[in-house]
Amino acid sequence: MNELVSEGIGLMVLGMGFVFLFLIVLIFATSYMSTLVNKLFPEVAQPATPAKAPSASAAANTVDPQIIAAISAAIHQHRNR
Amino acid sequence: MNELVSEGIGLMVLGMGFVFLFLIVLIFATSYMSTLVNKLFPEVAQPATPAKAPSASAAANTVDPQIIAAISAAIHQHRNR
Amino acid sequence: MNELVSEGIGLMVLGMGFVFLFLIVLIFATSYMSTLVNKLFPEVAQPATPAKAPSASAAANTVDPQIIAAISAAIHQHRNR
Amino acid sequence: MEEKLLNLYHDTGIYQLEFGQAVMMCVGLLLVYLAIKKGFEPLLLLPIGIGAILVNIPGAGFMAAPVYDAAGHMVSPGGLQYYIYHGGIETGLFPLLIFMGVGAMTDFGPMLANPKTLLLGAAAQFGIFATVIGAVLLGAYGIMDFTLADAAAIGIIGGADGPTAIFVASRLAPDLLGAIAVAAYSYMALVPLIQPPIMKALTSNEERAIKMVQLRPVSKTEKIIFPIVVTLLAAAFLPSAAPLLGMFCFGNLMKESGVVDRLSDTAQNALINTVTIFLGLGVGSKLSSEAFLNIETLGILSLGLVAFSIGTATGVLMAKMLNKVSEHPINPLIGAAGVSAVPMAARVANKVGLEANKQNFLLMHAMGPNVAGVIGSAVAAGVMLSYVGG
Amino acid sequence: MEEKLLNLYHDTGIYQLEFGQAVMMCVGLLLVYLAIKKGFEPLLLLPIGIGAILVNIPGAGFMAAPVYDAAGHMVSPGGLQYYIYHGGIETGLFPLLIFMGVGAMTDFGPMLANPKTLLLGAAAQFGIFATVIGAVLLGAYGIMDFTLADAAAIGIIGGADGPTAIFVASRLAPDLLGAIAVAAYSYMALVPLIQPPIMKALTSNEERAIKMVQLRPVSKTEKIIFPIVVTLLAAAFLPSAAPLLGMFCFGNLMKESGVVDRLSDTAQNALINTVTIFLGLGVGSKLSSEAFLNIETLGILSLGLVAFSIGTATGVLMAKMLNKVSEHPINPLIGAAGVSAVPMAARVANKVGLEANKQNFLLMHAMGPNVAGVIGSAVAAGVMLSYVGG
Amino acid sequence: MEEKLLNLYHDTGIYQLEFGQAVMMCVGLLLVYLAIKKGFEPLLLLPIGIGAILVNIPGAGFMAAPVYDAAGHMVSPGGLQYYIYHGGIETGLFPLLIFMGVGAMTDFGPMLANPKTLLLGAAAQFGIFATVIGAVLLGAYGIMDFTLADAAAIGIIGGADGPTAIFVASRLAPDLLGAIAVAAYSYMALVPLIQPPIMKALTSNEERAIKMVQLRPVSKTEKIIFPIVVTLLAAAFLPSAAPLLGMFCFGNLMKESGVVDRLSDTAQNALINTVTIFLGLGVGSKLSSEAFLNIETLGILSLGLVAFSIGTATGVLMAKMLNKVSEHPINPLIGAAGVSAVPMAARVANKVGLEANKQNFLLMHAMGPNVAGVIGSAVAAGVMLSYVGG
């Protein structure tokens, strides 16, 4: 087995090792952080919302649904005149 | 006639020649392209709309006229109370 | 008194002198400009409006209050149905 | 400290101001006035005017080159306009990005509905080349100090297209860039004054009253394929025009494809606006007294006006000719829109048409030659860059 | 003048066009077609395709280097793509700014609600390293001319993350950048075709129908602290990944902190859009015939597909394993989202889940491994840069 | 491979981290905390804090210079913050562009309605120069290692204007830039705590309760001409202040002219936001342990506080004096707004005024000296650059 292949295998072993190591450490760090945060500041929990897609426009629909309902009603009235 | 003038005349002849050549070729290419496209994909024709001015803001009026009408009606009701 | 200190004092004297000089000249220039402008073009005076804060978002509330009133009324009607 | 006070006095603008700088600051003020009060292409002329004022402040160093020591560390920083001019105008980046944004705001629909109007966009470019002849004559007889490159750069004013003029001038005659850009944008703003007399002189009232048949609808697919066709033709026939035409068509393709609206929006707004501010300041940096306060500037301003006028005339004459051979009637007024100056020239054609016939709406018909004129002057620019530069 | 005419003819693209350039222009057209007509990641593939067309126009000089005289004055300006490539891609600035913008658009909420899903993001990176082995084998047996650096850069295609792939390739194998970027974005667009068969082959219908328990709510404070934790861990364990992870987390912190909405908005819109246009044109500039039209490109395209497939498979397998040891059930399909390709891969997991069980909404659960995959491939990139570069 | 593993370990931050870097990362975290949790000028302090963290990650190379071979080809790319710092801060471009954007957000109306308030903006700059004396005394007696240039750059903190402080520091004392910027923005955030005690100590309750007459309306034309007047005065009297004042007035003119709203919008939004992100990261790059962790930083922080306090006091005292000679009553509180810190200081004046008299709305009256303070500190900056640099 020549040197290039052995270096490739080295990269694979080290690489996957490091990826797992890093993300496992991150799991512990994150869990610990979350526990700590929710113990110290138990206030403002919010449900997980759908992540915005990176390629999606940032323009969100910020109109209050009740306003939409009201406008719809107005349109309805208007049409039935 | 000195060299500068003769070069200028050369530039004029070549330049106008090339401009016409290029745009005439473009006429044929465009016409052929349009014919081909409209034969192959005869679907989605749309009327030519006014070109947006390069210096104009891109903000278009995207509000449904019926919503405007409805809101106007609501304002009218409101005023007459 | 060593040279650094004397240079510092020089900077202070010159600096404050220049700041006052510049702003006093500006007072006269501005007053003269205002007088002249209001004499030559007495038309479009507008009341001094609150300066937008440099760090504030530029998004202004541009909705006509009457529209808001109308929509509120519509919402109210809608709720009472 | 008295010495320092003296230094400070020697640093003031009043002490250092040369007469030429004072005049150029007045020119800058005039451009600002024209932009704000007269509405002369304010998007460009306001930043150009301010740029001209700033660059002529003695001792402010807006155009100062940075100084580095032998090890490459900065000893003194350069001025704002130095970085803008050398980073964006000398390199040609800013005009190309503006052209991309303009492409993203252009609708080729009316032109695709009536491709013959491309001929009007070609004919109106005669103003460019006639002016070249005028400039070389002034140069040849020693009246003004114009080379062939200068003449070509001056001629392009007749293209009535700002970014093209700046792009060509930055490559062929950087010293004349300020005067050329000022002339180009000023005359574009003056199109409603310059064109109508010429248009009326060359047409009868009946011709001006001609109604044109309604344009056929153009499909989305045609609009998507067109910018690609133009790019490929530029690649095949005139690579020196490919930077301008390629970026223009890239912007247009972003708009028409409908799949990258995010990018098209940014190209039409934040990006083009940012570049416009910088382009203006950078062009203004070339309005120095040495480059501007001489007889050549008078030549440029006069020749630029000639270029616009001849281009208007040849556009109208070509339209009259076309009207004779065409099966559908063609109103000669739309030929004047071939100089480009989008969308001003098309609006002028519409207005003059309405004067002759109150039911005659030429705007859409004039948009065809109008955008064709942009392509035409980019082609002319390519020929010049190839002929003079090669 | 005949000479000038001949010059002009010699300047045309038709005269100069080499066969390779013609082929690469067709490749560019194909990318544009895929972007517009097939919806293949148009935000990148449209500019890349146009960039490929422009750079291959003979004589247009889009990639020409500027020429300076001895005194440092510019003799001839460089081309647009030269400035873009050397200013933004070779330096690594553009991928980092894109990553910042993507960070500002990312919601780590679902991942924070279920941190175990980070393991899926780790497992799916096996595609990267398996591909490295494939590439070094091809190199070792002389089939293709791949170095270790090339192999690493090719492997990163399996990370299914465009900016990461471009960042690594620009540092380890700039000559392969064009092919690698094209492969990365093409396969990301093909995720809905590539992944489902693999996902179905490795799971039973019962496994695919597994419903997962609803995610716990995540507090704003957790979301704010998380990007700081990631940055500090990168600083502690893998500084070579800190540019990518740091900018990603900076963007995310701008969004989640809620105190700099102005900046976050710009990072998500005007700034990322501007950089995307330039990144595309710059990547396209590497699609030259010498770099692309060779057997290595075939290798890159094949290996990239292998990388995606293996990553999908190991993600699913890891999820099956986790399902066995976890107290709450884990649907193995969400493992496939670990390759990243945000948010496409999460949507695919959701869709395949719905096919097995019409009440099974996996989207939010798949977003966890999906964003974990971004972190995972940035870590893999850091290891590669450290191992190969150091 | 063991060797590679060892290399990877030697590459980790943990192995390489020096004590100073760890401390500076904590400083960065503190700034991020203050920005997010305490609302300390988050637009700048959040990016500065993150910039400080990133630049102190050992081995991440955020400040690495690029390496070129003899032929000019890049051997290894530079770090993100290297390019940002040398491209935008060392050159002065970023502070000037920010100043342009701030100009486009400034309303000179209240100041034009009552030009005498310019005197308050002048008096409050005494804080700057008193601090210079403090710093040269510390330097002269060998307590701290300050040159005249350092002293001038430290004094400008008292100008309470971020871009001006960064612009001056980048030119006169680049090594102190980090500490100066941090002090300037921190104290601007602390204005509501620093100013009220001083304002109350120097005024009686009756003085604080003084109501001022309503401001006269200001015409659009006045607002348009004013920035031009300021630019011309800067050109005539103090060209070294012309970069700052010129760009500020250019931004203001774009806004007030009303003819280039596109450009004004971009200057106030996309452009200033983009530059703010970069400016923050670039300033953060100067928060290295060598430059920050020394006795001089303590001096800078203390002197900065002194500068703010003295500026507040002299502003109030000048207002008391003006009140005695003016025909209309002047509330001395508005003098405190002369330090600038727009619009925070004006709001503080308003709040303290309301405490003394519930019907006393000083906000509009305080905006006059507030924006005058911006002009005043730009003038002070110009004198310093001319005196120290020349």
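Going in written order, the chains are labelled A, B, C, D, E and F, and every chain counts its residues from 1.
Throughout what follows, a residue touches a chain if its C-beta (ideal position, glycine included) is under 8 Å from a C-beta of that chain, and two chains touch if they have at least 3 such contacts.
Protein names from UniProt, one per chain: A, B, C = Probable oxaloacetate decarboxylase gamma chain; D, E, F = Oxaloacetate decarboxylase beta chain.
In this text the structure is predicted, and so the values were computed from the model without any measurement.
Trainee: Moving only from a chain to one it touches, give the least number of moves from chain C to chain D.
Mentor: 1
Trainee: Could you tell me which chain lies farthest from chain B when each chain's centre is the average position of its Cα atoms?
Mentor: Of all the other chains, the one whose centre lies farthest from chain B is F.
Trainee: Looking at where chain E touches chain F, is over half of the residue numbers used by both copies, so same, or under half, so different?
Mentor: Counting shared over all numbers used gives less than one half: different.
Trainee: Give, as an integer number of Å, the spacing between the C-alpha centres of chain E and chain C.
Mentor: That pair's centroid distance is 47 Å.
Trainee: I'd like the Å distance between the centres of chain B and chain C, where a centre is the mean of that chain's Cα atoms.
Mentor: 41
Trainee: Can you list the chain F residues in contact with two or more other chains?
Mentor: 4, 8, 43, 237-238, 262, 265, 269-270, 383, 387
Trainee: Two or more other chains touching the same residue: where does that happen in chain B?
Mentor: 10, 14, 18, 55, 71, 74
Trainee: Mind listing the chain D positions that touch chain E in their complex?
Mentor: Listed in rising order, the residues of chain D that touch chain E are 86, 90-93, 96, 100, 170-171, 224, 228, 231-232, 234-240, 242-243, 246-247, 250, 253-254, 257, 259-260, 262-263, 265-267, 269-271, 383, 386-387, 390.
Trainee: Write out the stretch or stretches of chain B touching chain D in their complex.
Mentor: Going through chain B, the ones touching chain D are 2, 4-5, 7-12, 14-16, 18-27, 29-31, 33-34, 37-38, 41, 43-56, 58.
Trainee: Quick one: which bits of chain C touch chain D in the complex? Just the residue numbers, please.
Mentor: Residues of chain C touching chain D: 6, 10, 13-14, 18.
Trainee: Which residues, counting only chain F, touch chain A once they are in their complex?
Mentor: Residue list for chain F touching chain A: 1, 4-5, 8.
Trainee: Per the contact definition, I'd like the list of chain F residues that touch chain C in the complex.
Mentor: Touch residues, chain F against chain C: 41, 43, 102, 105-107, 109-110, 112-113, 115-116, 118-119, 121-122, 125-126, 128-130, 132-133, 135-137, 139-140, 147-148, 151-152, 215-222, 225-226, 229-230, 233, 237-238, 265, 268-269, 342-343, 363-364, 367, 370-372, 375-376, 379-380, 382-384, 387-388.
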